[in-house]
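Two complexes follow with chain A in common, the first pairing it with chain B and the second with chain C.
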Partner chain A sequence: MAGRLKATKKMKSIMKWYYIEAKYARYLGKKIAWITSGGPVEPLIAMNIIPIYPENHGAMIGASKKGGKMSEFAEGLGYSSDVCSYAKNDITSSITKESPIKGGLPKPDMLICSNNICGTVLKWYEIQARKFGVPLFIYDTPFVHTEFTEEAREYVNEQTKDYIRFLEKHTGKKFDYKKMKKVGKLSLEAMRLWKNVLETAEHKPSPMTAFDAFFHLALIVTLRGKKVVVKYYKQLLKELEVRNRNNVGAVDNEKYRLLWDNLPIWFRMRWLSEKFASHGAALVADTYTQAWCGVIDYVDENDFLSTMGEAYTRIHLNVGVDQMADTIKKFIKQYDVDGLVMHSNRSCKPYSFGQYDIQNLLQDEDIPVLMIEADMTDERKFSDSQAEARIDAFMEVIKQRKKEK
Partner chain B sequence: MITLGIDIGSLTAKAVLYDGKQVMEKHLIPVGYNSKKAGVKLMEELLQKAGVDQTDIGKIVSTGYGRNSIDFAHKAVTEIICHGKGIHHQMPHIRTIIDIGGQDSKVIVLDKRGNVANFIMNDKCAAGTGRFLDVMARAMETEIHEFGLLSLQSENPSKISSVCTVFAESEIISLVAKGENREDITSGIHLSIARRIASMVKRLGMIPPVAMSGGVALNVGLVDALQKILDTKIETTPFSQYSGALGAALLAQEL
Partner chain C sequence: MQKTAILTRFREVANAPYAYLRKLKSTTGKQMIGSTCAFTPEEFILAAGAHPFRIFGESESLSGADAHIQAYGCSMVRGMLEDGLSGKLDFADGVVFPHACDSIQRLSDIWRLNIKSLHFDVLLPVKLDTPTAKNYFVKVLQRFGKDIEKALGVHITDNALKEAVILMNNLRRRLKRLYTLQSEKPGVISGSDLAAIVKAAMVMDKQEAVTWLDELLVLLENEQGSQEKVKRILISGSVCSHPDIHQMIEDKGGVVVWDDLCSGTRYFEGIVDEEKPLVEAIAGRFTQRYVCPAKHLGVSFQMENLKKLVSTHKVDGVLFMILKFCEPFSFDYPDIKEELENMEIPFLLVEMDRHNEVDEQMRTRIDTMLEIL
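For the complex of A and B:
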């Protein structure tokens, strides 16, 4: 039994102090910006602004199994039950202060919203900007149907300049280009390390599962550009490499390797991880956590600022289904997986909408695909017995196929 | 070796005794609220019917939603594999199976050797399941076994647009109020569920020949509607309701 990764404790401590610092930001003379998960955070770090992620908070609410209840509150205010549960959780928490963090998220001084992850964030952030009476910056990334055009490059790079002017105006400070260079390098280094961490799972047996990745992801999302992230992932990487040298797998007797698509089902992480492990199956990779290192090649280490626009535009959720399917095909080979598990996520439309098309595009791969209907935080949209029947049947099919090979 | 296959569904529990060459006896009871009790009762009644002693049974495999509640089974296997096995045994040429159960419907594609190659289940909703038909039959004040026959008599099927069981029920009430006849409404209901099933079949990629398994295969109206929409012949067997239990009994032979 591999047991828990030792780095986990360190990670919890880093996140704890991150939220404590944010809570007392005013005492430290720092400003707070709420930002979307795919938003360009590095300029904030360079300006000494603390980034806060309502989506990370939403995940914490989901993991604490409060997502259904908090969504219900927002629905009572008039939001449709089809609205993203991260948005509903955030809107609810900002009113009721209900939160896994005491007192809820610290009040923002400004909001930074990029629509590279979805369209919902635009309305969500507009609502919060009105509620808190703070300025909102929208970083608009054109959808990459097939290619990233020169016009698109010019369009996003213009916005990078606007973004800097926005930050200068609302902090009353000049933008620190020198620090930005350092932050850019650190951010890229963190992404590379994160990639290395995820790639340790190529080893058989895999030293980590997607469930580990979902957890250790928090730092690359929230604090990339800071030294602590680089240091942490170096430690995690070392621990995983030791596991690989000793052939220690995260799942006992790993027999089957699976790929996960979409966000986690935060309120059923343990149940799912135990369910798959009981079949000797390890979820060795996922498209979600890979998204934070999928665009490394588009960033110039020495000129982060003028290349980040392209990188932020080309992320997994902002490209056409052909490219999404190509990414999945790549992972199927890279991680040598026996099956694909797709979470059809009621909340996340851009992630879930093309899943059947992607399945069709994968037909040549000859790989069984399981679809689980759920939601990332709303437990009202999940049925244990239905999911169990599907998972058991899927694993029986995989076992049968593997026996025949 | 004598083996027993038990299929505990959400509405009915089925059991089949198999002696290694052929089916010895079969039995069906409603599940009620306690699937564990139902399993015990089912086995006892079946053994009595067949005149077989429990000690004569070599192995037992359970399947269906209540498969894990049968603690006297040697193994629990999901209905996907069991239906695949059961249908392949009865009709070895079949490549695509449509099974409409009480709370979910599934489409299974078999490879040439009869093994499950892929499957798909309905999304988390009662539309397109046996339960939908039950609710609609009740709304039409028809017995479920007459429901299909009623639908065959229609010449001008009503349009049922809602895919939601609850909304479809109120849609039907308004069609009745408008004076549309029972045959046409019933046919509309069958076409509506058939369309839903057909989209699942297409999603998975239908490989003919196609068979229908499970209790709903006895509904001639639905088989007819599916044939029309999928434009292919759908084969059934009088034994269709027991296909899952038969598959379980066959798998028990391999234990």
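For the complex of A and C:
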């Protein structure tokens, strides 16, 4: 048994100090920006602004199994039961202060919203902008159904300039281009390391599973551009490489390798991981955590600012369904997987609509696909018994096929 | 012509829009270009000599769509896809997908992968209130013009575009006048007729619609509204294409004096400035008029706008008709609701499973609200 990754403890401590710093930001003379998970965080880091991610908070709420209850509270205010539960958790927490972090998230001084993950965040951030009475910047990334147009490139690049002006205006400070250069490099380095971390899972047996990735993702999402992230992923990478050298798998006796699509089901992480492991199956890769290193090639290390527009626009959720299918095909080969598990996530329409067509596009791959109906934080929308039965049946198919091969 | 005869003609189109379009295609030979959202710049389609029309999601069953979009997609998106998959739209030469909500984005992908026809993505900005975004909007329209030219093998002349702008403006002014008459003299036309007219206008040959509207307006200008005091209702939401709703409201002494719907005023609000450079002017209409909640025009636009509509049209009660699973509209509701509570304006939220169906529960709730007013 591989046991826990040692880096886990380190990560918890980094996150703890990050939230403590944010809590006392005012006393430290720092400003706080709430930002969407796919938003361009690097300019904030360069400006010494503390980025806070309500989605990360939403995930923590989900993991603490409070998502259903907190969504319900928002529904009592009139929010529909069918909208994204991250948004509802956040709306609730900002009123009730209920949170896995003591006192909830620190109040924002500004909001930064990029719609490269969905249109939901636009509505959500409008709501919070009204509530907190703080300025909102929208980094608008045209959808790349088939092509990234010249005018879209110009548009996002112009917005990078607007963004900097916005930050200068609301901090009263000049933008620090020199520091930005460093931050850009560090961010890219962190993304590369994150990619290396994920790619250790190509090894058989895989030293980590998607469940580990979901957990260790927090830093690349929240603090990329900071040194501590680079340092941390180096440590994690080392640990995983040692496992690989010693052929230590995250799942005992790994027999089957699976790929996960969509957000995690935060409130059933352990259950799912144990369930799959009981069949000798490891979820070795996923489309979600790969999103934070999928666009490395678009960024110029020496000119982060003028290339980040394209990179932020072309992320996994902002491209056509056929491109998403191509990414999945790539992972199927790269990680040599035996099956695909798709989380049909009621909260996240842009991630989930198109999953059936992705299945159609995968026909040539000849790979079994399981679809689990759930929600990333709202446990009211999940049935253990149904999921269990479907996972068991799916694993039977995989076992049969592997035998025949 | 008699009022009823004119209304019947509109109703015929609204009841069977695709039959009308099929006929229009065979008589004019025009290429038919469908659109999935009110953000379609129809002027370019007209200027290219083609015919723009709105896809409504007319299908009753959704069995084809079920294989592509999960049941937690709104019925509009699922219904439109069903229309496409089932062959109901086989007369359409192409479909336009303006950037709107997340569901329409994915609908575009799914459509492109499954239905053979010309495909136009119009990658509009989501924010409309900055110079950068406005600039980009113009470029997107220019590209759309070029895409249409290329796909249809035509050249769009400035003259043709200007004519299209004038024609659309004419249509918009008339629809607006019709609505204004209803607000000034509630009951001058029945709500279901009015809804049918807007729906028909989204489908019909635009010049024909203008002519019919002219005939109707002449008659209505001289008519009186309801003699009794009516309860003035505003409907707000995405799409509500069911004529029964109006009947229900009118049976209880109400009249819908205005709406804030994609299937209503959002189609015709705003006029393109005919004096300005054309493409900029078309973009200008979209970025200035009141918008759909999937777009951004300041953080409180929807609340302020609704308040304005309520006071302009002296609304007694607001009916929110929101399609189940629709994120853009449902996220705005709680804050709008609070504003209405402060204004002491009664309101009711009806969540619709299907945009083209009215169920018993909805009926009871709407009845109750009107009785209270």
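Assume the second predicted complex is superposed on the first by the 405 of 405 C-alpha atoms of A that agree within 3 Å, B and C clash if a C-alpha of one lies under 4 Å from a C-alpha of the other, contacts with A are read in each partner's own complex, and residues count from 1 in each chain.
The rule we apply is simple: a contact is a pair of C-beta atoms (placed from the backbone, for glycine too) under 8 Å apart; a residue touches a chain by one contact, two chains touch by 3 or more.
Everything numeric here is computed off the predicted structure, so don't read it as measured data.
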{"item": "Partner chain in contact with A:Asn116 - chain B first, chain C second, else both or neither", "value": "neither"}
{"item": "Partner chain in contact with A:Glu396 - chain B first, chain C second, else both or neither", "value": "first"}
{"item": "Chain B versus chain C as contact partner of A:Ala87, first or second or both or neither", "value": "second"}
{"item": "Comparing the two partners chain B and chain C, which touches a greater set of residues in chain A", "value": "C"}
{"item": "Touching partner for A:Thr327 - first (chain B), second (chain C), both, neither", "value": "neither"}
{"item": "Partner chain(s) touched by A:Ala152 [first = chain B, second = chain C, both, neither]", "value": "second"}
{"item": "Which superposed partner A:Ser344 touches (first chain B, second chain C, both, neither)", "value": "both"}
{"item": "Touched partner set for A:Ser71, first chain B, second chain C, both or neither", "value": "neither"}
{"item": "First (chain B), second (chain C), both or neither touched by A:Thr200", "value": "neither"}
{"item": "Touching partner for A:Asp140 - first (chain B), second (chain C), both, neither", "value": "second"}
{"item": "Residues of chain A contacting chain B in one complex and chain C in the other", "value": "344, 356"}
{"item": "In the complex, chain B residues that touch chain A", "value": "65, 77-81, 104, 115-121, 123-124, 203, 205"}
{"item": "Chain A contact footprint on chain C (complex, rising order)", "value": "67-70, 72-73, 99, 101-103, 105-110, 112-114, 121, 123-127, 130, 132-133, 135-136, 139-140, 143, 293-294, 296, 299-300, 322, 324-325, 327-328, 330-335, 337, 349, 351"}
{"item": "Of chain A, residues touching chain C in the complex", "value": "77-80, 82-84, 87, 115, 118-120, 122-124, 126-127, 129-130, 136, 138, 140, 142-143, 145-146, 149, 151-152, 154-155, 158-159, 162, 320-322, 344, 346, 349-350, 352-357, 360-361"}
{"item": "Touching residues on chain A, where the partner in the complex is chain B", "value": "344, 356, 359, 363, 368-369, 371, 373, 381-383, 385-386, 389-390, 392-394, 396-397, 400-401, 404"}
